[in-house]
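Next come two complexes built around subunit A: one with subunit B, the other with subunit C.
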Partner chain A sequence: MFSINHILEPKTLKEAILYYDENPKLKVIAGGTDVLIHLHHGKLEDVELLSLRKINHLDEVKLQEDGTIVIGAMTTFSTLFRDKIINQYISILAEASVSMGGPQIRNIATIGGNICNGAVSADSAPSLFTLNAILRLESKKGVRMIPIQDFYEGPGKVKLLQGEILTHILITEDNYHEMKGKYIKFSNRKAMDIAMLSVAVTGQVEDEVFKDLRIALGVSAPVPVRCSKAEDYAVGKECSEETIKKIGELALSNARPRNSWRGSKPYRQHLINVLTQRAIKEIVFKGGGKDDEKN
Partner chain B sequence: MMKKINLNVNDKHYAIEVDIKESLLDVLRDRLHLTGVKQGCSVGECGACTVLIDGTPYNSCIYLAMWADGKKITTIEGIEKDGQLSKVQQAFVDEGAIQCGYCTPGLVMTTTALVESGKKYSDEEIKREISGHFCRCTGYQKIFNAVKKSLDE
Partner chain C sequence: MKEKVIGNRASRLDAVSKVTGKAKYTDDFFEREMLVGKVLRSPHAHALIKHIDVSKAKSLEGVEAVITHEDLPKIKFATAGHPWSLDPNHRDVADRLILTDKARYVGDSIAAVVATDHLTAEKAIKLIEVEYEVLPHVLDAEEAIKPDAPTIHDEKKDNIISSFGQAFGDIEQDFQQADYIMEGVYETSIVQHCHLENHTAYAYKDTDGRIVIVTSTQIPHIVRRVVSQALGLSWGKVRVIKPYIGGGFGNKQDVVIEPLTAAMTLSVNGKPVRYQLSREECFIGTRTRHAIKFYMKTALSKDNRLKAIHIKAFSNNGAYASHGHSIIMSASSKFRPLYHFNSVKVEPKTVYTNLPTAGAMRAYGVPQICFALESHLDDICKKLKLNPIEFRKRNLISLGHVDPLSKIKVRSFGIPECIQKGKELIKWDEKKKSYENQTGEKRRGLGMACFSYFSGTHPVGLELAGARIVMNQDGSIQLQVGATEIGQGSDTAFAQMAAEVLGISMDMVRVISTQDTDIAPFDTGAYASRQTYVSGAAVKKAALEVKDKVLKIASRKTGLKVEDLDIVDKQIVEKDLGTPLCSLEEIAMLSYYDRIHAEPIKSDTSENIRTNAVAYGVTFAEVLVDMVTGKIEVLEIYNVHDSGTIINPSLAEGQVHGGVSMALGYALSEKLMFDEKTGRPLNHNLLDYKLQTILDTPKIGVGFVETYEPTGSFGQKSIGENPAISPAPAIRNAVLDATGVQFNKLPMNPQAVFEKFKDEGLL
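And now, the complex of A and B:
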């Protein structure tokens, strides 16, 4: 038995926003794979839930005419993994989606829940950071668009204002056109595990030169981070073994990994360096660069 | 708070009142007495409580009973036909994929969903699709063999 006192199940977003405005104490529930577990463990008690599960069209992926990919916050990881648009244009997000939990969890857990939960290990975050994803938040006051890089505040904390609900995740065409991406999740088990460290790289290689390169890390700081120093260094440089090595080293400068039972700080630092290089080599290979860069 | 729901379980229609605090697992086991659905970790990690909801595998321990309103649920009790084991059940028996049996109902349900999808699965894909189930006896090889056999024929 879960300690639930009341549950509201609005059928429209408008209705949900009104309920939330009237009662800011409501706990929003999407797939429930975090909320119900917190309830089971007693971390949450006597809650009044606001379920978004009955709202139509919030679980769809769409490609707008201007090339923007719009992902409904209630889209499950299984849907993302199989979705045609995602696989064609931002396959890095499909890779990240299938790395999360196990099949039964992916069948119900949503990308919006994953983001709003604010976990430093959120599998969706690093990829979305490299895609410069924009979050669409809606409250009674109106709509707010915020880059995902500005959304995370600390472990388990995100910058949702009172009464705000995450409705969609947007990725504009200039952030994926001609780009290749790679997500590497490092964990003790291949499934049903939380990342010890994760790296996402999105970039464009032209004539063996890095035209664009974005690197994001998970479980490397209190929030997911972009490696701006390494990125700035990379752009315009030839994608040689030497450059990639230097990028790996520079990736550490934006990271503040900590010791935990899942992995020590020195080990995480080592992983950041090595996995960043590995992910870059993967996109160089995908982008038609030198074959020997693969090894 | 109670809520009236209509659901179909193993091709039988039920109109019942459920508490909003209850999981689908609670209702299936304690109200409908379908104890083939096993309670393991209760937090969506072990997969023992897996049932099919409209054909898709879910962990019933972290699925609110009231969400099952209007859904079709299939449990291990619902897949034998006229006393005959289903193809998947028979494959698990034939391959010796069962020891204590606690993980078996969940694994059989997930495998049933794979078979009913009509898709082909590589060995790696099979491993990925059954990765949401923990077995503490068999070491997984025999389970993998049983899933492969279920999909082969």
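And now, the complex of A and C:
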């Protein structure tokens, strides 16, 4: 039994935005895999819910003519990891999607919900950070587009303005064309677990040189972060064992991992370093670089 | 041809009803206008309750009752699922009230609400005002016995529940004469059963004024006794019904929620009340497995023989006694009939702390001591550069061994063959060679561990079991047992036994799976892996009695002597010739309708088993250790068991799969964590408590070495708990083999491995 007073289930986005504008106290619910847990734990009570589940076409992945991939916020993780467009162009997001929860959770949890919940462990975040994803937010006032890097504010906090609903996630062609990606989720279990730490790497290797490299970390700071120092260092360098080692060390400079019973600070720092290196080696391998680096 | 039923892969009797969702569990039963019970739990690890104000909660609409310790009888009772002892010195510690008058751990039950629905009950809980005087708390067993530690129960000022130990031989002399003395400290963590179905029950008063409790339990007859004792009622005033249950693993071999459920219905004049625990409540408000710290010291001779072992153990029992000292006593008895020692001395202390109560959990103290002993043996081998398999084989006891203290005699002994079989299954010699001198980021290793275990609790506990059979007109039977089916498959095994004795097919045996204390035969329940061995003997006795009655009628009909007759494939046959004389159905019809001799065939028997049978087994494991991240992966694992005759290989394999799976978590990831400063649980949910998933589980290899146990009714010994015992030390020893690092503390989760690797200078 959940302490829910009322639920609104609009059939169009327009209708939803109107409801939300009229009553800012509404709690937006997508798949419900976070909201219902908050209710179960008593963190939310007597809520009035605004469900987005009945809105059509918010759960689709599309490739626009200009090469931009558009992901509806209500797309579930099951859909994502099976989607042809995702697997063909941004397989790193498929890797992240299938690592999330278990089959039942993936069938209902949505990428929009995952982002708006603001968890530092959100599996979708590091990959989207490396893909420079743009979020499309809509309210009665209009549409706002913001980079995902600017969206996270703190643990469980995102920069949604009053009455705003996340509708789509956009990834432009220049952010995935010729790129390879790797997501490493480090957790105690192989399924149904949250990340103790996660690393996403997207990059391009040409003639054994890092033409582009983007590294993002989850559970390494109050919000998901990009490792700008490591990235700046890498670009233009030969992808040697030595360079990769240095990148791993530099990745730490953007991280501020917590000491908690889920994982100690020294351990998380160690993991950031070694997992960044492993992820990079994976893309070097995928990118046609040195194949002796695998393992 | 006589078809053998024992040893067949008969399908579970409840398979279809369970997979189709038709099997009814406690929560599938409903009464009209059922009320909901909820409990207010202590936020403090240790606190006096100065005052409780329930007035606001009581006045909330929809609240029917609010109760505290002041509303209930001031009777302290014991909760452990043991048979009652007529000897007052042999009883469990009675240290509980239904609702406590002092908070002894975070989660202790302070007050209860009965309301029309769940949300109202939750709201009412928040309206109860409790004034606490917070006391200092203690979480560690060794800390709790220091003189300045806070006293948790006034009856035990020093927090020691018991320090009764076991010893034989001249240990001082053996240590004096030893060529080597080896020492090691080993520690296990607090884990939980995590049965799928949380504790749940409902209760009401029937028209005779008796309390009826439907509950998810392993021990219905004991629940009846304990509820009666807790409420000060005559035992016949309580009726307990146990339908299908979604797992117990020892956590329901304890009377956890039933006394309060009964008190709840009494508070609303007998209206039905359901009390279910959430997963979070189940983690802290039921039972856990004791964390035990062992200080092991072993004497050896220079020909590598074990001479003496001295074990000091500190068993963290949490806030209430529950099974208490029985756990460490079980541990210190059951490891003995495996390796030969001249002398053994176990000095245990079972200690109260301000943590959730530890109780029975699959293999009852033995996974803990097996981890300590088998890790210790490998540490000895490492130091003395010995082959761990040869060292163990050299020190095994032999058939006919009699334990000097328990007097239990080893009458079947398959462990040498188990070791051989396990070694071959994992290709030990071949792999050992190829894994020498590894230097890479990922390293492989092999390890093994042996165990011994009992079948039931004799001679410590009473081992009484009841079975009843009624034969129908067509020769089929109803079999009723007091022993409970809790998923282990005992009903099916019993049906096979009855079918075997009576010469009928499995589809002619209907086992009444529900135990209702009004009508079920007396049996103390499912625990101690006693079922096939102890209750199986009662089933055989009942079946033999029925068979004898059938043959007597057949004898009267045919003129042949009873001893010349047999039942084979539903036919009465002449034993020597095998020729059919008449059908079993004809005899059954006579028993119902013969105008002169009609007397339906039935039996109603009990067996009091006064023997024990030692079962054995071994685990072989291969691991892959990531030297960089600290992650350990089990690549292969084999459990080989000597459990005597295997009644049903499919069910026995199922037990092994489940037990090994539990032990994988014990070894690698499971640990219930608490905040040192507050005593609050940190990870009491299935996300943060790292129970292994199917993707974490390697293919589990199973082998049996079938010995014949002469005291088993069909040659059988225990199998239920056994598979959970030896995997953890086998995995630990495999990690030792792969890395050279001794992990002396469970679990070996990535964080712990990282820290240990750091300490060892590997990172």
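FYI, the second predicted complex is superposed on the first by the 294 of 295 C-alpha atoms of A that agree within 3 Å, B and C clash if a C-alpha of one lies under 4 Å from a C-alpha of the other, contacts with A are read in each partner's own complex, and residues count from 1 in each chain.
The rule is short, and it goes like this: a residue touches a chain if its C-beta (ideal position, glycine included) is under 8 Å from a C-beta of that chain, and two chains touch if they have at least 3 such contacts.
Please read all numbers here as calculations on a predicted model, not as lab measurements.
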item: First, second, both or neither for A:R53, with subunit B first and subunit C second; value: first
item: Touched partner set for A:V235, first subunit B, second subunit C, both or neither; value: neither
item: Which superposed partner A:V209 touches (first subunit B, second subunit C, both, neither); value: neither
item: Contacts of A:N107 with subunit B and subunit C, given as first, second, both or neither; value: first
item: Partner chain in contact with A:M192 - subunit B first, subunit C second, else both or neither; value: both
item: Partner chain in contact with A:V98 - subunit B first, subunit C second, else both or neither; value: first
item: Which of subunit B and subunit C A:L275 touches, first, second, both or neither; value: second
item: Partner chain in contact with A:S3 - subunit B first, subunit C second, else both or neither; value: both
item: Subunit B and subunit C contact sites that coincide on subunit A, given as residue numbers; value: 1, 3, 102, 190-192
item: Subunit A to subunit B touching residues, read off their complex; value: 1-7, 32-33, 36-37, 40-41, 53, 98, 101-105, 107-108, 190-192
item: Subunit A-facing residues of subunit C, complex; value: 117-119, 122, 440-442, 628-630, 669, 673, 675, 682-683, 687-688, 690, 692-696, 749-751, 754-755, 758, 763
item: List of subunit A residues in touch with subunit C within their complex; value: 1, 3, 42, 102, 186, 188-194, 196, 261-264, 266-267, 270-271, 274-275, 295
item: Interface residues, subunit B side, partner subunit A - complex; value: 1, 19-23, 26, 42-45, 47, 50, 56-59, 62-64, 66-67, 110, 128-134
